[in-house]
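Have a look at these structures, which come just after this line.
The two complexes that follow have subunit A in common; it is paired with subunit B in the first and with subunit C in the second.
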Partner chain A sequence: MDLIIEKKQIKDWLAELKKENVVIDSKKDALPIKQYFFPPKQEIFIFNKETKELESPDYKKEIIIICHHLGQLEAMTQLDEIMGKPNPDFFYWQRREKSILIGLIDESVEVAPGGDLVLEKINSKQYRVLILTEKGKKIIKNKFFKEIDKPEIKNYLSEENPFKEMLLDSELLADAVKWSKNHKIWDKLAKKCLGCGICTYVCPLCHCFSIDDRVVLDDKECIRCRQWDACTLPNFAKIAGGHNFHKTIKERYYNWFYHKFVRAYKEYGKAQCVACGNCKRNCPAGINIGDVLKEIVEDYKKHGKSI
Partner chain B sequence: MQKPKISIYDFTDCEGCQIKLIALKEKFLILGKRVDIVNWRLGQENNESGPFDISIIEGAPITQYEIDLLKKLRKESKVLIGLGSCATLGGIPGIIDKAQRKKWYKKIYGDNYRPRGVDALPLSAYVKVDFLIHGCPINENEVIQAMEDLLAGKEPKYCDYSVCFECKQANNPCRLLDNFPCLGPIIQGGCNAICISGGSPCYGCFGLREDAEKKNLIKILEKITDQKEIDRYFSMFLNKVNK
Partner chain C sequence: MENLYKPFKVKIAKVEKHSNDVKLFRLEKNLSFNPGQFILVSHFGYGEAPFGIASSPYQDSYIDIVVRRVGTLTKALHKLEPGDEIFMRGPYGNGFPLDFISGKDIVMVTGGCGIPPIAALIEYIIANKDKFGRVYLIYGAKTPNDLLMKDNFKRWGKDIKILLTVDEPDKNWKGYKGMVSELVDEIKIDAKDAVSVMCGPGPMMDVLEKILRPLGIPDRRIFVNMERKMQCGIGKCQHCVTGDKYVCEDGPVFNFDEVDKNWD
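Moving on to the complex of A and B:
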C-alpha cells in the first residue's frame, strides 16, 4: 500500500496547513532554505546595560517550508550535521527544531535525502508520500491523504548531472583541489570573479558568518549580531592588526573550493556540495564551478600523482 | 560626562541627505539626547562656532569659500564625516569635468559671468576625512550605525560586502544575468539594493567596495553594452574617484 495525495488536492492541503502554521513556499526564493534557520542578518542576543542581564530573542514561530529540490533537502541534512558539532549551534537549532520541511518533488525519488516529508510525483495526477520523521507523520493525518494499492508509478528521470557523479568520489576531489593550489586555473578565475559573494549566499551549504557587536543608540542595550560572510570578500580572512590571510581574489576564490572540497572532506568525510548548480546559475561572471572541478580533476589524474 | 558637540554643514548639493537625518524621526530625538548639535544651518537658528567633536558635512565643496570653510572645519573638528555621495564621492555635481564646467558657464551665462565654482571634488580631495557615509541619498541605518560606534568609542566600519548581498535578500533577479548593466557586484552594500528592487540599475552611489574587481566587471559589461554606456555608468557617481 502506498500513501497518496492527488495533485489537485495539494493546494487545499496547504491551505488547511496555513490555518494553523506559517507555510513558506521556497519556490521563488533567490536564497536557499538555510535562510530560514540561519538568517542572512540576525540579532542573536541582547545585553541590557541597566539590569546586566543577557537575553536571547525567544523564537516561538513554527514554520513549514515547502522545498522543490532534492539537492536542497540533501543540503539540509548536511547542514544539520555541520550545525550539530562539535557543539550545537543554539541559534540555528532554535529555529530548525521548530520547523517542518516538506519536499514537493517532480522527479522520481530513489532515496529521500532529507526533510520530514517528501511528496514524490508518480504520475501526472498523483504524488506518493514518503514519511521521514514523526513531525512529518503528524501533518498527513487528514482527509487529503489516502492509501492506495499499487498506484500507477511512472519514472520521472532527473536531468543528467555529471557534477553529481564527480561528488561520488569525495576523496579524489579533495586530493585534486588540494593539489591544484598552484594550478593556472586560479589565475584565470581571478580575472573573471567579481568577488561579489553571490555563490556563497546561494549555496545551500555555505555557512560562514561574521559577528558584530553594537551599542544601541540610546546606550541602554548592546546587541550581538551575526551575518553571512563570504570568503570571496576582502575582510573575510582579515584579523586584528590588519593582517590578511587571503590578500587577493585568487587566494580567496581558491579558499572557497578548499573549504568545500578539502577541509569538508577532512572534517565530515564528504564535500560540502550537493551539485545543485545554484552557484553556477547565479554567478554574474558566468563561472561554471562544475567545469572548474572537472578541469582540476582531469589535470590531477594526468599530472598530479606523478609530482 | 559632557555631550559631544556636533556640527552639521552643507556645501553644494540638494540637501536631501540632511532631510534623511530628519527622517530618522524618533531615532533623531534619541540621538539629540546624547549629543549637542551646536551648529546646523538647516535645522536651527542659534549656531555656535567651533571647535566641534564631530562635524558632519554634506555636499561637494565647489566654491573657494566652501573649500576654505572645509579646511577650517577640519582644523576645528576631532572627527570629520562626509554625508552623502556629493561629499564622499563628488557625486552628481562631479559628473561634469573642470574643463567642461568652464565651457558650459560661458554657454549658459555668457562671457561676462564670473564663475564661483571651481570643480566638484569629494571632501577627501582637500582634507583628511575620518568616515564616509555614502549614498544618494544616504541610508538611515548607516548614520545610526556610525553614530552608535562613535558614541561607544569605536571606529565606524565600512560595510565590506557588495550590493549583491542585500539584492539577493530582496529576492531580485540578477540584472547582469538578464543582460542589463549593473555596478552592484563592485559597489559597497548598505543601501538594501533599493534601486534594483525598484527596477533601476546600481550606479554606484555607495562607492567602490574595498578590493572591487572593476576590471572583471567591465569585461562583463562590454558583452552587454557599448563603451559609451559603460562610461555613463561609471561617471554617474564615480566620476571623481574612479580614475
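Moving on to the complex of A and C:
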C-alpha cells in the first residue's frame, strides 16, 4: 500500500495547512532555504544600556516550508549536522526545531535525502508520500491523503548532472583539491572572480557568518547581529591591527574550495556541495564550479601522483 | 538548549597600564581554565574579540587579560575603569599540553603582545616547579617599553631564567638586541627531553632558525599558540581556519609540525 495525494488536491491541503501555520513556498526564492533557519541578518542579543541587562529575542513562529529540489533537502540534512555537532548552534535550532520541511518533488526519488515529508511525483495525477519524521507524519493525517494498492508508478528522470556524479567520490575531490594548491587554475580564477561573495550566499550549504554590534539611535540599546559573511570577501580573515591571513582573492577563492571539498570531507566524510548549480547560475563573472572541479580532477589523475 | 553565544557579565577589578598602548584588565571571575586557553570579551556596542588569559590557573578570584589598543573594541575597553562591567564567555580552545610538557626542560618564546598565555603557563610551572626541569623564557619586543607584565619578571626570575631582547634598545638596556644566536649559549637544556612553547605572531621563523633548531628541539616538540580572526569561538563561523583546523576549537595550541604544513 502506498500513501497518495492527488496532484489537484495539493493546493487544497496547503490551504488547509495555512489556516493554522505559516506556509512558505520556496519555489521563487533567490536564496536557498537555509535563510529560514539562518537568516541573512538576525538580531541575536539586545543589551539595554540603562538596566545593563542582556536579552535574547524569543522566537515562537512555527513555519512549514515547501521545497522543490532534492539538492536543497540534502543540503538541509548536511546543514543540520554542521549546526548540530559538536556545539549546537542555538539560533539555528531555535528556528529549525519549530519548522516542518516538505519536499514537493517532480522527479522520481530513489532515496529521500532529507526533510520531514517528501511528496514524490509518480504519475501525471498523483504524488506518493514518503514520511521521514514524526513531524512529517502529523501533517498528513487528514482527508487529502489516501492509501492505494499498487498505484501507477512512472519513472521521472532527473536532468543529467555530471557535476553530481563527480560528488559521489568525495575522497577523490578532497585529494585533488588539496593537491591543486599550486595549480595555474587558481591564478586564472583570481583574475576572473570579482570577490562579490554571491556564490556563498546562494549556496545552500555555505554558513560563514560574522557578529557585529550596532547602537540604536536613541542610544538606549545595543543590538548584536549575526549576518552572513563570505570567505571570499577581503576582510574575512583580517584582524584588528591590519594583518590579513587571506590577503589575496586567489587565497580566498582557494580557501572556499578547500573548505567545501577538503576540510568538509575530513570533518563529515563528504563534500559540502550538492551540485545544485546555484553558484554557477548567479556568478556575475560566469565561473562554473563544476568545470573548475573537473579540470582539477582530470589534472590530478594525470599528474597528481608524480608531483 | 544552551545558548553558547550568550556572554555573562563581569566586573573590572583593576586596570594597569603596561605600555603606551597596552593595559591589563583584571576581571572578577572564578574561572577554571588551562593555560593557553582564551576567552571572548564583549563590550556591547563595540563588539567581541578573543583574548588569552594571562593570570594563574590557580587564581580563583580573578582572571587577567592584556589588551593592546588596536581596533574598535580595544579602544573602547581602554576607556573603562575599575568598577565598570563588561561581558565575556569561555574559556575556549585546548590550552597547552600540560601532561606532555611535564617532566621536561622548557624553552618558552614570545614577543610583544604574545605574553599573556605564556604568563599563565609560567604561573602553572612555578606552582608545580618540582614537575619541571630547567625553564627558560625568551621574551622579545620592539623597545624596552613594549615589554609587558614587567612587574612579574622579578618573581618569575626566582624559578625560571628570563632572557629579554629588544630590537631598539635605549641607553639603559642591559638585555639582548634582536633574536640573536647568542641567546642559544645561555640556554642549557637536554634537547632530547625538552619542549618549546611559542606564542606568535612575532618572529616565529627567526626563532626557529636561530634558536630552536640550534638547540636541537624537533618540530614535533614545539607548541605554538596561534592567533586568527574569530567570531563564534565554537567552530562554526569559519573565520579562524588554518588548513584543516579551527584555531578556536582544535587550537589555539598546535604542534608546530602540524600547522607548518598548512598552506595558510
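Here is the rule we go by: the second predicted complex is superposed on the first by the 307 of 307 C-alpha atoms of A that agree within 3 Å, B and C clash if a C-alpha of one lies under 4 Å from a C-alpha of the other, contacts with A are read in each partner's own complex, and residues count from 1 in each chain.
Following the convention adopted for this analysis, contacts are C-beta pairs under 8 Å (C-beta built on N, C-alpha and C of every residue); 3 or more make two chains touch, one makes a residue touch a chain.
Everything numeric here is computed off the predicted structure, so don't read it as measured data.
Trainee: Based on the superposition on subunit A, does the combination of subunit B and subunit C result in a clash or a fit?
Mentor: fit
Trainee: Check whether A:245 is in contact with subunit B, with subunit C, with both or with neither, and answer first, second, both or neither.
Mentor: second
Trainee: Using the superposed model, measure off the angle between the directions from the CA centre of subunit A to subunit B and to subunit C, in steps of 10°.
Mentor: 70
Trainee: Check whether subunit B or subunit C contacts more residues of subunit A in the superposed model.
Mentor: C
Trainee: By the touch definition at the top of the document, which applies to A:215: first (subunit B), second (subunit C), both, or neither?
Mentor: A:215: touches subunit B and subunit C.
Trainee: For A:89, select first, second, both or neither according to whether it touches subunit B, subunit C, the two together, or no partner.
Mentor: second
Trainee: In the overlay, answer first, second, both or neither for which of subunit B and subunit C A:304 touches.
Mentor: Touch status of A:304: no partner.
Trainee: For the superposed arrangement, tell me the lowest C-alpha distance between subunit B and subunit C in Å.
Mentor: Between subunit B and subunit C, the shortest C-alpha distance works out to 5 Å.
Trainee: Taking the contacts subunit A makes with subunit B in one complex and with subunit C in the other, which residues are shared?
Mentor: 212, 214-215
Trainee: Would you tell me which residues of subunit B are touching subunit A in their complex?
Mentor: 27, 30-31, 33-34, 144-145, 147-149, 151-152, 154, 157, 160-162, 164-165, 168-169, 171-174, 176-177, 184-186, 209-213, 215-217, 219-220
Trainee: Which residues of subunit C touch subunit A in their complex?
Mentor: 1-7, 9, 44-49, 68, 70-74, 85, 87, 201, 227-229, 231-232, 234-239, 241-244, 249, 263-264
Trainee: How about subunit A: which of its residues touch subunit C in the complex?
Mentor: Counting only subunit A, the residues touching subunit C are 44-45, 47, 49, 52, 54, 56, 82-83, 86-91, 93-94, 181, 207-215, 222, 224, 226, 229, 231, 236-241, 243, 245-246, 251, 254-255, 258-259, 262-263, 266.
Trainee: Any idea which subunit A residues touch subunit B in the complex?
Mentor: Checking each residue of subunit A against subunit B gives 28-31, 40-41, 191-198, 201-202, 212, 214-219, 228, 230, 233-235, 249, 282, 284-286.
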